[in-house]
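The structure that follows is given in the form of structure tokens.
For reference, chains read A, B and C in written order, and residue numbers begin at 1 within each chain.
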Amino acid sequence: MGLGGGYFKTSHAADLSLVDTHLRKTALAILVIVLLTLPRFASGFVLDLASQAALAAVGALALNVLTGLAGQISLGHAGFLAAGAFTTAALVERGVVSPPVTLAATAIVGGVLGLAVGIPSLRLRGLYLALGTLAMHHVVLYVAGEMQARAGGNTGFTIPPPRLAGFVLKGTVAWYYALVAAAAVVLLLSVNLQRSRAGRAFMAIRDRDLAAASVGIDVARYKLAAFVWSSVITALAGTLFAWQRGFVSVEAFGFFVAVEYIAMIIIGGMGTALGAVLGAAFVTLLPYGIDAAVATLSPGAAEYYVFPAKFGAFGLLMALFLIFEPLGLVGIWRRVRNWFFLWPFRHRPLRASS
Amino acid sequence: MRRPVLIAALGVLTLAGALPAPAQAPEPYRIGMTAAITGRFSAGYAPTYEAYRAYFKRVNDAGGINGHPIEITYEDDRGEPQRAAAAAKKFTEGPFILMINASISPTYKPVMTEAETVKVPLLFGGGVCPREAFPPAHPLIFCSTSYGSKWDSRMALNFIKSQSAGRKVKVGFAAQDIPLSRIELEFAEQLAKELGMDAIPVVVVPGAASDFTPFAQNLKDAGADWVFSWAPWGVEIGVFEALHRIGWKGNYILYGHQQAQDELTRLKTPNLHALTGNAMFTENLPIHAEITSLVKGQTNHPPHYMAEGWTSAMVLDAGLRKCGWPCSREKLAQALAAVNVDTKGLRGGPIEMTAENHYRRETYYKIYRWDTDKSAIVSVGGWQKLDIK
Amino acid sequence: MVQTLATTLVVASLYALLGAGYVLVYRASRVLNLAQGDLLTLGGYFLFAAAAAFPGAPAVSLPLAAALSALTGVLVYLVLMRPMAGHPVFAAVLVTVTLGILLRAAIVFVFTDRTRHPLQNLALTNPPRPLPGGAVVSTFDLVMIATATLLFVALFLFLRLSPLGIQMRAAGERSLLASQRGINFHGVFALAWALAAFAGGLAGIVYSSNVRLEPSLDVLGLRAFAVALVGGLDSLAGVIPAAILVAAIEVLSIRYGNPLLSDVSPFLCLLVMLLIRPWGLFGTKEELERV
């Protein structure tokens, strides 16, 4: 893990711990304090942005497990989100608003959909799998669209905020805490998954699934497990999305959303949980950054030019990362960190053990 | 020696007092607009954005309303309900006294919910009017758009009946696969039967169809003499062009959105009728010339796309004038519920709203088609009026 | 009945032109070019710009637009696809997605979202033409069918008979051996991309003259990759029956089935094909293992 010397693990617990060095512990403590106290000194707009980034991080972490760890290319991520959101809407239509029931139902629907999408993955890989997931995405959206149209002329579903034991979850600050907590939980689960047996099986399948099968890993079971895990988490994120926005309509889940999530894990760095979180934050904040840049550079610019500029900048950045920095932001971070570790040396000595 | 100094000092002070104090910029009226300025649906709604910009620039340059400028914050929602919801949230949390929605119908629900929660009046300025603007009207929802559900169908079917000279005609209906269009045309289908015409079941067309010909074939094979379409422009004109391509000789009537004038000129087919609430710029009324000269260089769309937005801006103008200063959300809602706007010929008559009716008391329609002899767009009959009850 | 057949052929021609683009790119770069729909749109906008620059001169505008499309293909290969040579296939596919985004942003930036009709500036019209059997199609419907037919004939002749075409097939099959044999495979792949963009551009030119031109036409590309997959991603010959099949299902579902299903029918075809025969009707089976 590139600890730079001076740290020795003297107990099993220390070996297992996620945060080991003093620097990491301090940084984590500072991050937690900042996150907890952010509502005190940040505007509602910033909190909303942070909430969006946290929700995006949940989806990105789920996609990271599927595509980054297990190597199963999925272009249908928006379909899973839509499945979660529309399950919530369908339950609201039938008068069921209890959060535990909704979450459980969404998890089941997500899991079933994940299985359905995952089964082709047993026969297909690479490009063909990507196409299959893309086709699935369109089918899911079609079903959601029909559901929306049939619900008596509604142009979408209004979702009341979730109510649990008299406590209603609404308002920017409450949702900020809820979503950041959700992101933290999913992050913890993802990091743990990576270190576990299943995680290692995923990575083996990603690298060369024939070799993995020959070592005794049940490739079919783990592939399906990856799909199911990813789809369940994403469907739950869809429910959170529906609750927070208070409104669900099929237009919010187009193919571009799936592209955004893939961009998040690519720009962040595929295969690492940190990458997923960084990528999610980056992609969420990018349009606002461009807004700010355009506002300072050419204040009176008509909207006509701002929108394609944002769209184009997103595409350009994604292309640049794909071509020049495939390891993403995490790759950049690691290079920066290694520079600090190795200074004043420029390269690692050949005989280094770490 | 002291008194002259005293008098001089008093004189200087008086003069100093007579000098105008450094000008304080007057507080503006703050309005928020969420519109589909870019994106797939922008063709129908971006002109509203442009018309508002041009209209209120002129108003502000002339000193504003009641001595105060109008400051409109524009948010591009690209036709996505999420963005419209975020824009609405931003407007309701800020010092805005009115929200305007010029976007597609899926954006209505979240914006209306936001408006109702915080009690901000909401004006629909480019999209189809929601049910809440018609009597009995919701106190906060207003609509200036020229087209409205059910009334357009009534007018269209009455026109078809009047043109059929006593024969029994078969009417087909072309809808897009969005709820509003489907529901409207199913209503029209029912209405056609009540009026004694033969109605073919509604043909529903997906908005992104690669070829409209099979749908046109369905209509032609069913033997439609007339086809009525009420949907976003793409489907309306796509079905007509497909029908034309396969040699159908019947008559077609659609709702004339902004593109109607250009397309009637381009297609030059006499059997295409455009039903519209806005006078086409081919009539060259003084207001048309005024708009054309004013928007020169300011807009991406041609001047004749501005009618809808300009009329809406006029309604807002009248409401603000009536509200006076200071104008709060409640005062503005009350003011708008009592406006009587002279549209100067853009519409067939004034836009008059009441506490119960936030659409208008009377709505006017004109039907245009291309006349091959005159090589120009002509109107079939004059303005026709419907009372909104 | 004849009318339905005629409509099917027109839609199939459009899908075939796009499908040819997918197959050509796949054989060269082993990548699915998800920006093919945007290349169609770009071709249409090239025509619009050329027609606006040279009004009333279709003999200049049409070839110019087609040439610009082909040139775009070459640029795309040199700037985007060549640097992705060693990267995993997934990354290369994503680069094509970003290409689509960039093309779309550029189109909207220059031309805005308005719907355009290039035919107006070309001083051409699109009159209906009756066919034997009672069907009526428009002139440009026939042009679409003719274009697709001519393009496929030309491609077959080129790939089978001309030296450069044979080199392209060789480079597509085993690029390492081909380069050792002295084939300039970068040039050949650039040519493949040029041909794919040319095919997409032609489709865009004819479609925008026939129907309309707007930035959201890339959805046609999404439907057409079902055609490429059903036929076999590396089989140019497979595109024709696949295009006819997918178009027939779409048109028949509008005429005799549930019209709303027509929107999603290409994807259902795709899914069914992936489940029962992933390598398509005429594709090579080893392709599946290669990825």
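Operating definition for what follows: contacts are C-beta pairs under 8 Å (C-beta built on N, C-alpha and C of every residue); 3 or more make two chains touch, one makes a residue touch a chain.
Because the structure is predicted, anything quoted here is derived from the model rather than measured.
The chain with its Cα centroid farthest from the Cα centroid of subunit A is B.
By C-beta pair count, the most extensively touching chains are A-C. Centre-to-centre spacing of subunit A and subunit C amounts to 33 Å, using the average Cα coordinate of each chain.
Averaged C-alpha coordinates put the centre of subunit B at 39 Å from the centre of subunit C. Among the residues of subunit A, those touching two or more other chains are numbered 304, 307-308. The set of subunit B residues touching two or more other chains comprises 38-39, 46, 177, 300. The set of subunit C residues touching two or more other chains comprises 108, 112, 260, 263.
For subunit A in complex with subunit C, the touching residues are 67, 73, 120, 123-128, 130-132, 134-136, 138-139, 142, 146, 255, 259, 262, 266, 304-305, 307-309, 311-312, 314-316, 318-319, 322-323, 326.
Per the touch definition, subunit B reaches subunit A in the complex via residues 37-39, 46, 49, 74, 76, 78-82, 85-86, 90, 93, 105-106, 108-110, 113, 177-180, 182-183, 300. On subunit A, the positions that touch subunit B within their shared complex are 44-45, 48, 148-149, 153-156, 158, 245-247, 249, 251-252, 302-304, 306-308.
By the touch criterion stated above, subunit C contacts subunit B in their complex at residues 3-4, 7, 10-11, 14, 108, 112-115, 117, 120, 126, 128, 130, 135-138, 141, 211-212, 215-216, 219-220, 223, 250-251, 254-255, 259-260, 262-263. Touching subunit A in their complex are the following residues of subunit C: 30-32, 80, 83-84, 87, 89-91, 93-95, 97-102, 104-106, 108-109, 112, 222, 225-226, 229, 233, 260, 263-264, 267-268, 270-271, 274-275, 278, 288, 291.
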